[in-house]
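The structure appears right after this line, and notes come after that.
A, B, C and D are the chain letters, set down in written order, and residue numbers restart from 1 in every chain.
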Amino acid sequence: MGYWLFWIAGGIAILSAFAAITRMNASHALIYLVITLLSIAVIFFLLGAPFAAALEIVIYAGAIVVLFLFVVMMLNLGRRAVERERQWLLPGIWVIPAIMAGALFIVLGIALSGSEHEAVIEGTMVGPKEVGRSLLGPYILGVELAAVLLLAALVGAFHLGRRYIEERREK
Amino acid sequence: MNVLLLICLLLAAGLVAWASERIRPNLPNWVALTTFVLATLWVVFAWLSGPHEGGLYAEQFYSWIPRFGINVILKVDGLSLMLIGLTMLLGAVAVVSSWTETTTRRGFFQFNILWVMAGVVGVFSAFDLFLFFFFWEVMLIPMYFLIAIWGHEDRSYASMKFFLFTQISGLLMLVAIVALVWIHYSTHGVLSFDYHTLLGAELDDSVARLLMLGFFVAFITKLPSVPLHTWLPDAHTQAPTAGSVILAGILLKTGAYGIVRFVVTLFPEASRDFWIYGMALGVASILYGGFMAYSQSDFKRLVAYSSIAHMGFVLVGVYSFNDLGMQGAIVTMIAHGFSTAALFMMAGALQERLHTREMSKMGGLWVKAPRMGAVTMFFVIASVGMPGLGNFIGEFLVLLGAFQKNVFLTICAAIGIVVAAVYGLSLMQRSFQGTPNPDVPEMRDFAFREMSAMIVLMVALVWLGVYPQHVLSMTDAILPMLGVAP
Amino acid sequence: MEGPLGIPLEHVLYLAITLFLIGVVGILIRRNVIFILLSLELMMNASALAFVAAGAYWQEADGQVMFMFILALAAAEVAVALGLVVQLARRFRTLDIDAASEMTG
Amino acid sequence: MEMLWLVPALPLAGFLVLFVTEGKLPKIAVACIGAGCVGFSAVVAAVVGWEYLTSGTDAYSQVMWTWMAVGEFKVEATLYFDYLALVMVGVITGVGFLIHLYATGYMWEEEGYSRFFAYMNLFVFAMLLLVLGDSLLLLFLGWEGVGLCSYLLIGFFHKDPANGYAARKAFVITRVGDTALILGLLLLFREVGTLGIQESLETARSIWPDGSLMNTAIALLLLGGAVGKSAQVPLQTWLPDAMAGPTPVSALIHAATMVTAGVYLIARMQGIYLLSEHAMLCVAFVGLATLFIASFTALVQSDIKRVLAFSTMSQIGYMFLALGVGAWSAAIFHLMTHAFFKALLFLASGSVILSLHHEQDMHKMGGLWRKLPIPFWSMVVGSIALAALPFTSGFVSKDAILLTAADAPELGMVFWGGAIAAAFMTSLYTTRMMVLTFFGETKMEPHDPSKANMWLPLLVLAALSLGGGWFGFTVLDSLFHDHGVHFGLHLDNPIAIATMCIPLLGLVAGYLIFYANVFDRKGIAESGVGKAVGRFWFVGWGFDKIYDSLVVNPFRWLARVNKGDFVDLLFRFTALVARILNNLFSISQNGRLRWYALTMFGGLLLAIVFVAII
């Protein structure tokens, strides 16, 4: 049961991911991305990581992708952008990336299938409590660093945005 | 005498000079000049008051990185003291020579000069190999700035070449130092960069030869010797006057000093086996440097190549492995410091007045500036090796020492004296004698400032030539330490 | 969740690889910055999936901790990257990433 | 005799004063200082000499200070005074003073009056140091010092590049000889262990009682130095060009003193030479070759100073010959008399040249004997002394040389024959010079600039040229302890009579050829053979050409070709390779994000494949 659920969610994730990178309209692509993220959240849930699944939905789908959408809307791309996308996305451009991706898939597949014993995920739940313990225990330094990273991103984003705003004001 | 204090004084004076530019643009010159004059007096005072026990004029020990056996060990023996004195004196001369030449960013300029000098003093007194390497780099980088910022038309090429040559060869030395320390550590179990500790390192012949080559290459690049000399003509030609004076007068001596202090003593056997190559390189430098000097048409370039020839004598002297050769090499180092520094000052003065170094655009300058002519004549004669002036003493002692070792190479080196006459007189002829060039504008002659610097150098050369005993007796005592039978 | 789920670890990893490669292909074929960033998000999710799967297999929290870090990273990246996108759009009047190819060696 | 140090010190002081004042003194003061200090030096020398002669000691030495001491190598700055030094110091200060005096008048109109006397005084100082130094190194100091002054004074009129060239040529060629000398010193020190002259001579005698190869090598190397300085074959080519200097310089440096330094050196080191027959023979042959070549060359020159220059070379050749056959005192004696009469000739010709506004070509002179009486009669005296007519000083010394040479074992007649042929030529070219300059039609109108300070030295030198030979009989003969040298008249010996008569014959021949025009001189000179021989002689037997094409031109060519330093090519090549690689790789650095992503992806693929294969 869980196994089939997993592959249903995984298939949706793959299909929608593929759709996300091939759409001409950025908004549509982002919606497909949200679908991918949601299916991944389902998989997380299946794997016994409900906390991760929740964060996936809340922060990824809910915050980050929405941020994308805001920017897309702000830039006001419209129909001409779609036309341009169509010109850029020529069939020939696929060839090399596809070959390389295929090659990498085959190589990794060989590497993965090489293992002898069957590794099966039991699906035992690891709840938020353990995650929290672990985060603020052995990983406390990582948390601090992540905080610094976020601060840096904050400052950087502010800097980039402020210039934009000031220049607009001058006009 | 506290060497560390002297080094700190120079470093601090550099900062003060940099800052003082804000008060008055000319103030950095005064700061630097005062510092150098004081330091010179300090050295003279130390010399007059004589060495302590063990023949050292100064000895300092401070712990630095004890974990790796790295300490600040500064010692000044006769050789070091003499070279430090030369450094400080030429520092003052260099400052005087660039008094009006440098007009932009004088503060930073003098800062660089003072820091180079601090590095040089460190190099001459460090008895810890790590500290030595540290100072070796300290003197390199300000020098790079001096060439790269205040140099002439081709400065970026020249400064980069200078930097790459010295840096790469310096890295070779670093590898050799680390290897030496490591080998000593693995046999004796003591991790130490101390010179005197490392003297006792027992090395295999082949290993010793390799390590010796590491040091040797670094030092003959700095010296420089054929075939690693090609950075020098470019660097000298492009450097500002003060830079050339320091380069020729002092920085080249660090190479010679390194050979005397480290190559010969740390690897006595390997160096002794190596003598024929060292001497042959020296002879090649003498002949090739002299020959190249003749073929140049640029005043400074000619003098630069002549430096190569003179430093060849140092190499020949050191690798004769006897007291005569060694003493000759030391005297040559000092005398070359004076004579070539003066010639570079002259080149700088000419460039300041005529805006060219090309001798085809000079000619007959004696008529316009007889003092400059006479002074140039004096130093050309000195560098040609006229008896009674310092260079002759050095070169003669070198030849005398080398003759005991190998007759053929000595004959070749002696031919270098003829070549010296050829290029020296051709320099004189093309710049100051001959038909006065009508295109040359009226130029002012040397005035008090430049003349006083020149007189100091002239007196020093005559003193060295007429009574070299002061210098000779100072190094006499340390000859056994340098692996040379007294 | 109770009981044996029975998902082989390899399968989850195959899924992660597939998603990752889709992201890579996305980066390589698109010229629009927005799509490139989007592909980047995909790749990050793929790796997050691999982490979480591994954590689940060992029944430890570390996989999820890594996911948290990836999340923080993604948030930071998106914040800066979108700022850059806005600048790019303003300066070059296009979202073509190849327009901003001035930083050549 | 404690005043000995003053002898060189006075000219040095003069030099320093003139050097420091930078030509700001009035001319009269410069003249007083310049000539005065040499004069005082002469006086001091005379006093010292008198004390020395009356004291009866063999030698007197005065230690001044230890010049340098390294291990076993020790050089004292010591002055050493003996017979040889006495003669040399007498010549240098005495003749030197007269020439200085003359120069105060000669150079009056020239620029750089003070500079001139500074150089001259420095020269006198160096020359005195050369002859007084008791260490070969001190001698070498003087040796190089005089070379330097010679260089400075030849190129005194430095505005003309030709003078500068001549000066450099002189310096460099003598430097070649000096290098040999240095090597000689090195070898001497290695073998003998000292550079003190007296000390090394003694040691050499004791360690090589029968001579040795080393001894010969040392002697030949010293000879190399002497040959360079004294303008002997094969390093003689600089001397004629050195005549570019002012005439008093030619008189002092290139006739009376410096060029005879080589003779002094060999005489001083006679202990070394006496131990080596081969070296002696070499000295003699060098002298013979030079005197022969130079006297022929002098015959066809047209520049009066060049005639005198070649004549100087040949006279020094006589001295070398004398040294080679062991006639030490005759050599030194000829050095002295030659200093008298050659200085006289130069100074007199200088007066002629000055009166003709620096015209030196004899073909443009003529008929001057009535208009310039003092120079004329001085020249006459100098000429007869040069031609060694009986009872002049030149005769006494040259006669002694020729007769001793004739006595030399085995090769005696060769030496004598060559020398006497050259003596004949000497008379011939002297006559030619006199005829061309002073007789015949007047081509230029002279103005007589003579002042007392210019003609007085001429008179004194003329008197010495005539009567200087008496020194030989009275003083020198007893001072040098070599016997078998024939001073005086020997009418019992046919060789001696021939020696006396042949110069006279030359004079007569000269009179017939150049004055009476008995032969068709022009016809001979313009015939094919005559032209070729004349040209060959004129260029000094082609030595210059050989050196130019063998050494000078290849050196210059190489210098021109290699101006950029071929060693640098290696490093430039390295830099070039780095740059090419840089260009190559920076193609990939195109700033396109997707290209970077693609290569990263490719790299990842490769890495994984690599790991998977392993």
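Going forward, a residue touches a chain if its C-beta (ideal position, glycine included) is under 8 Å from a C-beta of that chain, and two chains touch if they have at least 3 such contacts.
Remember, predicted model here, so these are calculated numbers, not experimental data.
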Worksheet item: Count of steps on the shortest touching-chain route from chain A to chain B?
Response: 2
Worksheet item: When the C-alpha atoms of chain C and chain D are each averaged to a single point, how far apart are the two points in Å?
Response: 93
Response to the item:
Taking each chain's mean CA coordinate, chain B and chain C are separated, in whole Å, by 60
Practice prompt. Quick one: report the Å distance separating chain A from chain D, using the average Cα coordinate of each chain.
Written response: 98
Discussion item. Based only on mean CA positions, could you tell me how far chain B sits from chain D in angstrom?
Written reply: 37
Response to the item:
Where chain C touches two or more other chains simultaneously, the residues are 24, 28, 31
Response to the item:
Touching two or more other chains in chain B are residues none
Worksheet item: Do you know which chain D residues sit against two or more other chains?
Response: 598, 601
Worksheet item: So that we know how the chains sit together, what is the shape of their touch graph: line, ring, star, complete or other?
Response: other
Discussion item. If we count contacts the way the header does, which residues on chain B are in touch with chain D in the complex?
Written reply: 161, 226-227, 229-230, 233, 288, 291-292, 294-297, 322-324, 327, 364, 366-367, 370-371, 374, 377, 381, 386-388, 392-393, 396-397, 399-400, 403-404, 410-411, 414-415, 417-418, 421-422, 425-426, 429, 432-436, 466-469, 472, 476, 486
Practice prompt. Note which residues of chain A are touching chain C in the complex, please.
Written response: 2-3, 6-7, 10, 13-14, 17-18, 20-21, 26, 29-30, 33, 36-37, 40, 43-44, 46-49, 51-52, 55-56, 59-60, 63-65, 67-68, 71-72, 74-75, 77, 81, 85, 88-89, 93-94, 96-98, 100-101, 104-105, 108-109, 112-113, 115, 118-126, 130-131, 133-135, 139, 142, 146, 149-150, 152-154, 156-157, 159-161, 163-164, 167
Item to complete: Please give the residue numbers of chain A that touch chain D in the complex, ascending.
Response: 96-97, 100, 103-104, 107-108, 110-111
Discussion item. For the complex, give me every residue of chain D touching chain C.
Written reply: 585-586, 588-594, 597-598, 601
Worksheet entry | Contact set on chain C toward chain D in their complex | 24, 27-28, 31, 36, 97-98, 100-105
